[in-house]
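By letter and in written order, the chains are A, B and C; residue numbering begins at 1 in each of them.
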């Protein structure tokens, strides 16, 4: 065996790793830069705060309505999903037998694996048509809530898991009932983690397009929905429709601008969640 | 006895990379001169000089934090920021052919806590062999190494079982067998029996003495009785320096330095 | 009261999956009743002639996912290896932060990128009439799952105990052997989960794929020809759902596509869950 060959082998294998890794690191970075470079011409305050009038068919700048719609849907979905997620996670911790626990975990991992478009389909059939809610804010929010549910449950479980067992046992030793243990021990101890989970869910809700495409959104003409049963416009679907308007470069610019805003919005939620996580760890 | 082809191969490697043995290093396996080490501005080792005979166990004793483990890590190239010179069989380790990795194949190190990989016992013993062909045809080597590490009788019927099912003591012997399988010319042991039961301790000491008939061993220990049982020369370290070194009996019965005397008395009291 | 709330929400949320699957099955029942199950293997999809062959979309999905994994897995794991083993801690946390950010980019943004960056690029590179091909879908999906694979693999690799790395070093087996025989085998459970998760994500990705895949029901001809427009299960749903009239066979067929997606996804997550309890 040649010793110098062994040394070369080290260098070669390291270079192969570098070679494979560099595109993985560079391409996404370049792409992120590309989005903002394309968006730069339209990005300004008027773009964000302006509302496109219905007749403009997207050519008029301004994405305020879409921004509002996206946030509204995401917040509603979170508000709907959160109590169920918390309840399920607490049930898991307090009442569930080991068998049930296992079943719940498998269930939620499965639910999380199901593509969002499938929930969109179900929402379209059941909520929009069967219940006759129509393409509406409510339908979209419910579908989104189902998409978020497994994420929230698993996050909440992880947050509760981090509470040491002796902490709740100490409470039990003081004679507190389970309700008091939840309100006075578990939730105060883990609320930062729960909030982190909620923020991540918001980010996720903002980035989903497929489930709301058929259930909640129209292309334009709405600034603020009149009721739960009226459709909204969202940033995600706005980008989706504009992207296919191939013959007008101005429209594509607006699409890039909207994409940049959406990326920033999602990143902002992710960042806040990250900061909170760090805060909790310290 | 017929030498199996794998071992022969390794023997050749060993010879080929030490073809520059200088004449005055006859009888000396390891020569350390003025070795010093600083990590993050803190002095860990200074002015360490000693040499190792070609066989026998050399014990390194001293209080914790004396730099004993760091010394071993410098000798086999896990730490490389040291100053001074270390020569194995007359070759400077900094200029070792094939670099530090190759050096570590010649200077084995056994850690205090046994580290076994999550595979079968057999695969663990063969872990250091480089090509899969060698690993596949290594039955004799596996048996020989396990025998040397006094583990063969316990595991010969279950070589394909996961190594993690072994007890701590067995795992440590497995680590020794794994290090022996690549035929090191010096074996360094960092408190190999510190966390083990008396029986394993005894077995490991026996196999150390047996291995030491062919290979020089350096054994860091804080157990003075163990250093005495291992019979070889003893080096006493404190605060990163060598305070005293010499034949074991002499150092234990008539320590020359006051620190040594204090350490020995204190340890004896502590043990009782 | 408390117990009631907890039990009700647990029951409802765990019933969700049964509800979804049962509902999809019920809605696609008319099609199954009329055509049996044989149409799954059919190669023709012409809703106007009541031909609902699923094979083109299934093969398209398979190809897109395979292609994405073939690209993203080696690159992602190599990047994880690089960041866990070769980079300084400071650089490493920067890389990780970037990857976590990238993992959050909405899929519709990737779709936009696909249409206005990737497709023109492919058209000029391969001199194609249309860049809307399986290759485009695969590349885009690879890009989308790359951050997930990298973040999870890096977790798995850096979870390998330091003492094991050191033991490998002590045996002097070299960096490449350490990689193959210590780091990758020990990180494998994590990498496997990362692969399965991103596989599920790639399979279910809708918006980005339907914008670039071309949406033409055709089996690649020959089978490795990736420079053809194709169809995936998701892109078909996305393209045709708005056109199908409620309650028609076409509608039922699309819902059956959804059912198949759900089944496949559930199979994948059954494979993952064995080693993963709580995320």
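Descriptive notes on the structure:
We take it that a residue touches a chain if its C-beta (ideal position, glycine included) is under 8 Å from a C-beta of that chain, and two chains touch if they have at least 3 such contacts.
All of these numbers come straight from a predicted model, not from anything done at the bench.
Ranked by separation of Cα centres from chain A, the top chain is B.
Which two chains touch most often is answered by the contact tally, and the pair is A-C. In whole angstrom, the spacing between the mean C-alpha positions of chain A and chain B is 55. Between the Cα centres of chain B and chain C there is a gap of 50 Å. Separating the centre of chain A from that of chain C, both taken as means of CA atoms, is a distance of 17 Å.
In chain C, the positions touching at least two other chains are 174-175.
Looking at chain B, residues 101-102, 130 sit in touch with two or more other chains.
Counting partner chains per residue, chain A shows two or more touched chains at residues 6, 10.
Residues 9, 13, 16-17, 97-99, 101-102, 130 of chain B are the ones that touch chain A when the two sit in their complex. Within the complex formed with chain C, the residues of chain B that make contact are 76, 78, 100-106, 108-111, 113, 115, 117-119, 127-128, 130, 175, 178-179, 182.
Residues 161, 163-164, 166-175, 177, 181-182, 185-186 of chain C are the ones touching chain B in the complex.
Of all residues in chain C, only 2-3, 5-10, 12-14, 16-17, 19-20, 23-24, 27, 72, 74-76, 78-79, 81-83, 86, 95, 97-102, 104-109, 111-113, 115-117, 143, 146-147, 150, 174-176, 179, 197, 200, 203-207, 211, 234, 237-238, 241-242, 246, 254-255, 258, 261-262, 265-266, 268-270, 272-273, 276-279 touch chain A in the complex they form. Chain A contributes residues 6, 9-10, 12-14, 16-21, 23-25, 27-29, 31-32, 34-35, 38, 83-88, 90-92, 94-96, 103-119, 121-122, 124-126, 129, 146, 149, 153-155, 157-158, 161, 178-179, 182, 203, 206-210, 213-214, 236-237, 239-240, 243-244, 252, 255-256, 259, 262-263, 266-267, 270, 274 to its touches with chain C in the complex.
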